[in-house]
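By letter and in written order, the chains are A, B and C; residue numbering begins at 1 in each of them.
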Amino acid sequence: MLLEQIINGITLGSIYAIVALGFTLVFGVLGIINMAHGEIFMIGAFIGVLITSVLGLPLWIAFIAAIGVTVILGYMLERIALRPLRGKQGVSHLAPLISTIGVSILLENLSHHIFGAGNHPFRHSFAQIQFQVGSITIYLVQILIFVISITLMVVLSYWLSKTKAGKALRATAENLETASLLGVNTKRTITTTVIIASALGGIAGILVGMAFNSVNPQMGLSMGLKGLAIIILGGMGNVKGAMAGGLLLGLAETMIVAYGDSGYRDAVAFITIIFILLLRPQGIFGKNTAEAGR
Amino acid sequence: MLGDIINPYHLQIVSFILINIILGISIYITLSSGQLSLGNAGFMGIGAYTSALLTINFDLPIFLGIILGAVVAGVFGILIGIPALRLSGVYLAIATLGFGEVIRVIFVNWESITQGSIGLSGIPHLGRELFKTFKLTGFDPDMLGLKNNQFIYLLVVLILLLVNILLVWFFIRQNKSRVGRAFAAIKMDEKAAESMGINITYYKVLSFTQGAILAGFAGALYAHVMAYISPADFAYHRAIDILIFSIFGGSELIWGAIFGATFMTILPEALRFISDYRYMIYGVILIAMMAFRPQGIIDVPLLKWFKKSLKLKRGVSHGIGTKKYN
Amino acid sequence: MSNSFKKVYLLISVLMVVMLAACSEDDTNTTSAKSGGPVSAKIGVISYMTGPGAAYGEAITNGFNLALDEINEKGDVKIELVIEDSAGKQDQALTVAQKLMSSDDIVALLGPTLSTEMNVVGPEADINGIPIMGTSTTAAGIPQIGEYVFRNSIPESLAIPAALEKAVNKYGAKKVAILYGNDDLFTQSGFDTMKAEAEKMGLDIVTIETFQKGQSDYNAQLTKIKDLQPDLILASALYNEGAVIMDQARKMGIDLPFVGGNGFNSPQVIEIAGEASEGLIVATPWFGEKDDSKVQDFVKKYETEYGHKPDQFAAQAYDALYIMAEGLKNAGVADRDALRDALAEIKDLDGILGKFSFDEDGDVIMEPTVLIIKDGAFQLFE
């Protein structure tokens, strides 16, 4: 059973990691926790359901559609909820957080209305492909999820460190004004960041739909809070940290269910948040920042 | 005659408004020192469960249960507030959110004490218990021309009103005192305040704990008005509701929290036809507020204008307006 | 001076006339009942009409409305429904209940939809002396709240033992695993019944696992269960989670039969889980395929009116209004206490769910039907 549980944990953890990557990008560049990220992920999943189960179109169209919709959502989030708050005098640093909370509530209830509250099945033949290794059944989807998350992390790391656009992003993250003085189009960089993060959410959404066959409007909240725990665990703004943190959380949750009391599964994420914030606020991989410590 | 005016339906709404005002003030107090606590739903739950368990299992009188509920919540406030000093802004908000969720999970899983998701029923009801005491003295609501339940709810409202007035008076005075000024200084610039000699640790923990005590107090009152509580009553959605009271109403002033709580409690009743979209409207309100009026509806200039317009009216009637100037 | 005096006089006389008219209206009401005309009454309905669980409230309200037309046509009683929305929240349910109860014309309450709401509204209704009947509240302890609290929804304590016994006998099961949602009053209450019944039957409970709403991944719990090799899985879940659980269980090679409680027995399970839902055993008062003319008439009427087949909630609501009508007829007068007494006396009333009686607590006496999902549909479980 241990091996099966480890596979479960890695699958879950990889999905958490992809969601966390989106979170950590936005935080790294904007210094904002996007509480609506979980909801964007959820809508990505619903688009997947819509395209494959309702319209019966092939899977790759679902991916494209989900990415498209979440990208639009991310852009709108940035324009409507975040940009008006930047550069305004006397606006507390909590305002963007509250604004994104507003977006998350809006999106959650919007999808209640559009899609209905229940679980929507994600039926696709791809999700049924499986292998037998001894007594263990592994689904192709599970392998795919793990591979995709590692790939995304590697691609993202490379892009951030080696390409011009990535460097521009890091510069903006370091200091908005200086970057703009040095000729970086900060407005476009910020928009790009939010868009990429949202696209990551959309991808994760479809993967979850395929892996667990369970898409409902409530899953955004739960995923959002877990994503929060992961970036705190791994270090906010740190790509490798998001990956490691995601896998760790996925494995920890699975192990608690397997060998402990499954009732406390959700508590793992939240207790992690509290402990890390108190003991090592910059996370496992993070660097010391002024706000986190004193 | 009295019986025709008093409608338990309206009284019920008023009692919810009064409890929500206390919750709104609990977030306002922590905001006034620059700390955003999203864990007040957790403190509310602690107050509610403590009071409910003590009154059900140990037959404690209700008012004692409520006070102990608030005290226990306050103790937790200190326990969380001190380590939370190392955090600020967004990090604090998330940590308190995490705390609130952990508390809820504990309520759900500690079945031997809290009955888990089944919840606690049969909690002694504030109005009914008081009514029993009245009955013992031979009093009958018929004397006032009231039915039993009208009288009971009237009692509840009167008690809550009294509590509210005391609390608001206390906090207005605190705002004008040294404590209030320390909070404001810390909110504006922590480092500057520290260098001026203000003991940040003390005041920040104080403000946080006051918020916890208030939330616990409101929670205990809630338990004794609903007579049934379950862990789901103190979840993330409750924390959002409380946040909106203060943010929408006006986060800089206590009147903002009062206005926000009142408005937000009446809104679902007044607009039953759109209650389907209620949370969507909340979301839009939060976004719009932050974009256009981050300080909330009621802010200092508005209050000043309000006071001035009152004074001006009085001034005219006293003949000031008849003076002529060249 | 005399002018305004005249105005005051006029005003007072108008008021007196209006008051007298109001009083006499009451007189005509009581005389009609005494003279043998239909008993006329208003019943308040508290329903979960907006919000995530609105599907339940909608089904229930539909059932009421369908029965209402038939009952009023029959002519023994004349009922008017005053419907209010509680959005599934206890405080709103309480407020709405106060609103309804404070109106003297309202002689009884139907609803609220959720057991959590009933826990708050029930005691209030009981103290105010108005009969209240739940049509969908199945958690333990509800009719015991007070003399005025009734329900016609088959509780878990009746449904689960029936299903479990049949399943154990059919499959010769000795070991069971229990899986339940521990963050919902309803599923937790169902679990308590499952555990108690399993222990009573002397079954070996290999493990007890929990899950929470909003959690998409049940693989960890299911892997653990699979490893322990039980003969049956008892799952106390609402159909949303239950369907997904069965789907993931089948995917990892768990082919065991599932035994579910009240929340699990919805045709939606088949829609969401498809083939994976084969082997689900539930007990329910409602079997839409039953070979009974009353049942089939109801199904046809409902489908014509609302566009889809009725579920258990609609059926229970339909029967509930008939129960109320019977009580009103027997009471003979639109009075809260008389109605309460009449309701308590109801025995063997024939409804679409079968024969119905109240026990001394106001709880349900009824034989549930045990069904199993086979070949893509609910069928009788022999």
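Assume contacts are C-beta pairs under 8 Å (C-beta built on N, C-alpha and C of every residue); 3 or more make two chains touch, one makes a residue touch a chain.
Source: prediction; values computed, not measured.
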item: Most distant chain from subunit C, judged by the mean position of its C-alpha atoms; value: A
item: Selected pair, greater C-beta contact count between A-B and A-C; value: A-B
item: Chain centre separation in whole Å, for subunit C relative to subunit B (CA means); value: 35
item: Separation of mean Cα positions, subunit C and subunit A [Å, integer]; value: 40
item: Whole-Å gap separating subunit A and subunit B, where each centre is the average of the chain's CA atoms; value: 34
item: Residue list for subunit B, restricted to those that touch at least two other chains; value: 108-109, 276
item: Junction residues of subunit C, two or more chains touched; value: 51, 54, 182
item: Where subunit A touches two or more other chains, by residue; value: 221, 261, 263, 266
item: Contact set on subunit C toward subunit A in their complex; value: 51-55, 182, 209-221, 223-224, 226-227, 239-241, 243-244, 247-248, 251-253, 268, 271-274
item: Interface residues, subunit A side, partner subunit C - complex; value: 1, 4-5, 8-9, 11-12, 112, 116-121, 123, 130, 137, 139, 208, 211-219, 221-222, 253-254, 257-258, 261-263, 265-266
item: Subunit B - residues contacting subunit A, complex; value: 36, 83, 85-91, 93-95, 97-99, 101-102, 105-106, 108-109, 236, 240, 243, 247, 276-277, 279-280, 282-287, 289-291, 294
item: Touching residues on subunit A, where the partner in the complex is subunit B; value: 31-33, 80-81, 84-85, 88, 90-99, 101-110, 113, 221, 225, 228-229, 232, 261, 263-264, 266-267, 269-271, 273-274, 277-278, 281, 291-294
item: Touching residues (chain side subunit C, partner subunit B) in the complex; value: 50-51, 54, 85, 87, 90-92, 94-95, 98-99, 101-102, 116, 119-120, 123-124, 127-128, 139, 141, 145, 182-185, 187-189, 192
